[in-house]
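Going in written order, the chains are labelled A, B, C and D, and every chain counts its residues from 1.
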Amino acid sequence: MLQLIANGIIFGSIIALGAIGLTMVYGILKFANFAHGDTMSLGAYLALLFLSLQVPFPIAVVLAIAVSIAVAILIDHYLYRFFRTTGPIILLIASVGVALFLRNVILLFWGPDLTYYSRAIHLDFEVIPGISMNSYEIGIIIVTAALIVLVHLFLKKTRIGKAMRASSDNMDLAEVVGIDTRRVIIWTWSVGTALAVFGGIMLGLENGLRPPMGWQLLLPLFAAAILGGIGQPYGAMVGGLIIGIAQEVSTGFISTAYKPAVAFIIMILVLLIRPQGIFGGSKRWI
Amino acid sequence: MDLSGLFSYFVFFLVIVSVYGLLSLGLNIQWGYTKLFNIGIAGFFAVGAYTSAILTTPPAMDRVGGFNMPFLPALVIAVLLSGFIAFLIGIPTLKLKEDYLAIATIGIAETIRLFFNNEAWLANGVRGVSGIPRPFQHYITFNYNLFYLLLMVVFVIGVYLAIEKALKSPWGRVLKAIGEDETVTQAMGKNIIRYKMESLVLGSMIMGMAGSLYAHFIQFISPEVFVPMSATFLVWVMLIAGGSGSNKGALLGALVIWGLWSLTDLITNVVPVDYAVKAGAFRVIAIAIFLEVILLVRPQGILGEKSVMKAAKKQEQE
Amino acid sequence: MALEMNVEMKNSDDLLKVEGICKSFGKMLAVNQCSLEVSKGTITALIGPNGAGKTTLFNLISGFHKPDTGKVFLKGDRIDGLRPDKIFHKGLIRTFQISRELEKMTLLENLMLVPGQQEGEIIWNAWFRPWRVRAQEKQVKERALETLRFVELFHLKDEYAGNLSTGQKRLLEIARTMMADPEIVLLDEPGAGVNPTLMNKLIGYIHQLNGRGITFLIVEHNMELVMTICDPIIVMNAGSILTQGTPPQIRNDERVINAYLGD
Amino acid sequence: MAILEVEDLVSGYSEVMILNGVSIHCGDNEIVSIIGPNGAGKSTLMKSIFGLISVKQGSVAFDGRSIIGMRPNQLVKLGMSYVPQEKNVFPSLTVEENLQMGAFIRNDDLTGSMDRVFELFPFIADKRKSVSGTLSGGGRQMLALGRALMLEPRLLLLDEPSAGLAPLVRDEIFEKVMEIQQSGVAILMVEQNAKKALGMSDRGYVLVMGKNRYEDTGEALLANPEVGRLYLGGA
C-alpha cells in the first residue's frame, strides 16, 4: 500500500505538471485545450532528439522546452488567435485538430515503437522501509517539488506572474489598468508549455516514449484540473497528486488497465457533487 | 484493378460512407442543432457494435455471449443500450457548461474501449470478436456486399427521413432555439434539460445503430476500431465540413471526407510497407490541417447556413 | 400549505404578489425585503436609479434566481423556487434588458416557438401523429403571421431575427409575448435603444394589449413612456421599495427626486 | 487650459449610437461631474474617452493631442487613469498586488507611490496583505481609486464611484476624491448621486439622451429646478 502511494506521488507529480498548464490556459484564454497532452509528448520527443545529437541531458531539456514554447506560440498566433471571439467550443475543436497534428508529426518522425532515453537500468532501492524507488523516480519527485515552488514564486512574486493572475480574474480590467494582455498570453503559453514538457520528459523517463503518451494522459489531466477547480494552478497541483495516488492505489484492487477510467470516475463524481472543484466556490487562486 | 474489382471496391466504399453518414447524422442532432459537444462518438459506436457482436454470434467457450440472436432484435437492443448510456452521461453533465460534456463523453468513450480491451471474458479483449453473422446471408444469391449496401441505404434513408421530420417539427425548433440561447428558450417555457437529454439520447442511439450495422458488415471488431481518431474525430470533420445544422450536409460531409481519407489510403498502399505507418500519420496530419482550414475559412461548412445573412440591414421604420 | 395560501390571498385581486423577498450575491444585498402587488389589468411601472435591484427582482419573480427568503404568488399560487419554464406555463412571460432574439431563426420561427403545449414538441407525435402536428402547426403559423401583422413586421417574416434593427427587435419581443397568451408580461426596458417614432408605436401596442386584459409590469428608464402609460408606478431604491403612486404623485414626490439625485 | 477636450462625440455599439454629439471639457486640476438620468450615455462617454468603445465621429484630445483610436495601455502612459464602475479590482490578488498591477507599465520603484496611496487610504493600508475579494464594497472602491493613482495620473476618470455604497462610506469616498483633486489631479466623474457630485464639483454637465443639455457650475446646476425634473421625464 505504501509503495502504491509512493508510485502515486510519482505519477501524480507528472499529472500535476501537465494540469497546471492546462488550467492556466483555461483561466486566461478560456478554453479547454485538448492539445495539451500532445504538447507533453512533443516535449518528450524533442528531448530525445537533442539527446541523440549528443547534447547533455540538462541542455536537451532546455532546448526541448524552448522549441515547444515556440511551437505553442506559433499555433496560438496562426490559429487560436482568430477564434478568440467565436467562443470556447470552436477553440476546443481547433485544439483537437492540433492534438492530432502534433501526435502524427511525432509518429511521422519517430515511428510508433516504444523508445527510451537511455538503455541503462536503474535499480530500485529501499528509500524508507516499505518504499522502493529508482534514482529517476526520486529525481522526478524532487524536480516536481522544485518546479511547483518555482511556479508559486513566479505567480506570487514576479510582475508578469501577478499580471497573469490578474488577467485570469478579469481580462477587461487588466486591459484598463494598462497590462499588456498580449504579453500575458505569450507568458501563459510559455509557462504552461514549459511545465508540460517537464512532465512529458519525466513520463518518458518513467515509462519510455510512445507517440500517444500525452494523449492518453489527457483524461487524468482534465480530472486533476476539474478536481482542483478549473482555472486554479494550486488546485491543479493538489488535484494531480490526488488523481495520481487514486490511480495507483486502485491497481491494488482492479486491473492496471483501468487507471484512466479511475481518473474518469473521480471526475464524474466531482462534477456530480461539487462541479466547481474542491478549491472552487470563488474564483480565487487560493 | 480490373473493372469488377473497382466495382466491388466502390460498393465497399459506399457501405462505409453510409456507416459514417449515420454517425454524422447522429452528431448533427446533438451538435448541429442543440450545440451539445459530444466527443465520445466512438463509445456509442462501440456499444452498438459490441452488443450486436455478443448477441448474434454462436456460443463460444472463452467468453460470454454467443446468443445466436437474429439480426434485427440485436440491432434494437444495441440501439437502446447506446441510448441508455447517453442518458446516464447526461444526468451529471447537461446542467453544466458545454466543456464538461465534452470531457465526460471522451472519458466514457475511452473507458468503454478500455473495458472491451481488458475484459477478455466479455468480448475476447484485444483479439476482438470475429464471425459476426451477416444478416439474411442465406437468402442472398447475388453479390452480398451489394445487398448490404442496399440495406444500408434503406437504413440511412429511414434515419434521414425520421430525423428530418423530427428536426423540422416544433421539437427540432426547440432544439435549435436551445442551441442558440438556452436562457431565452427557458423563458419561453421550454424545459431545456428534457430537450437536451432527448437530443443526446437520440443522437447516441443513431451512433449505436451505426456500430451495429458496421459490425455485421465487417464481421470482425476489436477495440482498435474504436480509437478516437477514426471513430470520433473523423465524424466531427465530416459534420463541420458538410455543414453542421444540415442533414444533407452531414451526409455529404461523410462522402467527401471518407473519399479523401480513402484516397490517401490508396496512396498509403502504394508506398513500401516500411513507410506505411508514416504515410498513415501523414493522412491524419492532412485531415487535421484540412479541419483547421475549414474552421478558419468556411466555418459554416459546404451546405451550412450562414450564421447571419448578409442581407442589408432594414431601415428603422419611420 | 394550500390552505394557508388561500387564506393569505383571500379578498385580493392582486395578480402578482411579492412578499418580503430578499436576495444577496456574496456580500451584496441586491434585493432587501421587497414587497409589492400588481393588480390585474394594470400597467405597473417599476422605476428607480441604476443598481436599485429592478432587474434582480425580475429575475426572482420569473424564476431565473431563487430568493433567499420571501414568497412570490401568481394568482394565489406560490411560484418562488419554480423553474422559469414552469412559471411561464402559469401565465407569466418576461423579456430581457438587452433584446435576446434567436438570431439564426426567422421571425416566424421565433414566434412559432413560443406557444406552450405544442403537440409537435413531443418527438413521438412528430413521427407518429404527423397530421395532428401539421394541423396545429397551421394554427400556430396563422397566429404568428397575424401577430407579425399586428406589430407591422409581416414583410420581414422570413428574415433572420439577427438582421433586425434594435427597435424592430423590441417589436418582435412584444410579438413574442403575445404568442404566449400570458396573464402578465414583465418587460425589462422595452424602450432602450428605440427611437421616438417607434416608441409611440410601442406605447400603442402596450395599450392595446392591456385593453385585451393583459397585465404589464415594466422596468423602464424612459420616463416619457412610464409617465404616459403606467399607473401605478412603484419606485425602488437600494434594493427596497421606496414608494408607490400615480404618475403625478411620483413626479412631485421629493423622495423620488432625491432617490435619483442622491441625498 | 483644458487637459481633456471632447468635441461632438458620436459613439455607441454596432448600429445603435448612444452618444449623439457630446461636447465637454475638463480643465487642469478641475473636478467636473457628468450627471443625468439612466440611459443618458454617461458610462458610454467614459468608455469612449478611454478607448474601450470605438468612436464614430468627433474628437477627443488629451493635453491638446488627439487620442482617438488609442488603446488603454497607451492612454495610461500619457497620464490618464480610469476606474470602471464595477468589477474594478482583481479579487484574487492582494491589496498590494492590485496596486502593483495599477503600475504595471512602470519599471521603477513603487514604494513611494504605494506609501502615498496608503497614506490617503489608511483603511486599505491595514489590509495590504489581504486578498481584495474579501474587502467590503467601500474598501474595494478605495483600492480601485488607489490603483488608478499608482500611475500618478494627471486626469482621473471615475465611473460612478459611489455606486452601491452605504451613505457613510460614500461620503468618505467623495472626501477622498476631493483630496485627490487637491493633490493636483484633474477629475472627470460620472455620478448617479447628482447632489453630492455637483456639490463638490467645479463644473457639471447634464447629459440627456446622448447629448449635453446643461452646463454650469456645480452650485448653479444644483439650484436649477429643471435638472431634477429631467430625471422624471418632465423635460
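Note that contacts are C-beta pairs under 8 Å (C-beta built on N, C-alpha and C of every residue); 3 or more make two chains touch, one makes a residue touch a chain.
Everything quoted here is computed from the prediction, not taken from an experiment.
Counting hops only between chains that touch, chain A reaches chain C in a minimum of 2.
Chain centres here are means of the Cα atoms, and by that rule the chain farthest away from chain B is D. Chain pair with the larger contact count among C-D and B-C is B-C, by C-beta pairs in contact. Remark: chain C and chain D have CA centroids separated by 34 Å (rounded to whole angstrom). For the pair chain A and chain D, the distance between mean C-alpha positions equals 42 Å.
Computed centre separation for the pair chain B/chain D is 56 angstrom, with centres defined by C-alpha atoms. Residue positions 313 of chain B each touch two or more of the other chains.
Within chain C, residues 165 each touch two or more of the remaining chains. Of all residues in chain D, those that touch two or more other chains are 15. If touching chains are joined by edges, the resulting network of the protein chains shown is one closed cycle, each chain touching exactly two neighbours.
Shown are all chain pairs that touch, namely A-B, A-D, B-C, C-D. The part of chain B that touches chain A in the complex is made up of residues 35, 37, 39, 92-93, 96, 98-100, 102-104, 106-108, 110-111, 114-115, 117-118, 229, 233, 236, 240, 277-278, 280-282, 284-285, 287-289, 291-292, 295-296, 299. Those residues of chain D whose C-beta lies close enough to touch chain A in the complex are 50, 52, 71-73, 76-77, 82, 84, 87-93, 97-98, 100-102, 104-105, 131, 133, 147-148, 151.
The touching residues of chain B, counted against chain C in their complex, run 162, 165-166, 169-174, 176-177, 180-181, 183-192, 198, 202, 305, 307-309, 311, 313-318. Listing the residues of chain A that touch chain D in their complex gives 159, 162-163, 165-166, 168-170, 172-180, 282-285.
Of all residues in chain C, those touching chain D in their complex are 27-28, 49-51, 165-166, 189, 192-193, 221-224, 226-227, 250-251, 256-258, 260-263.
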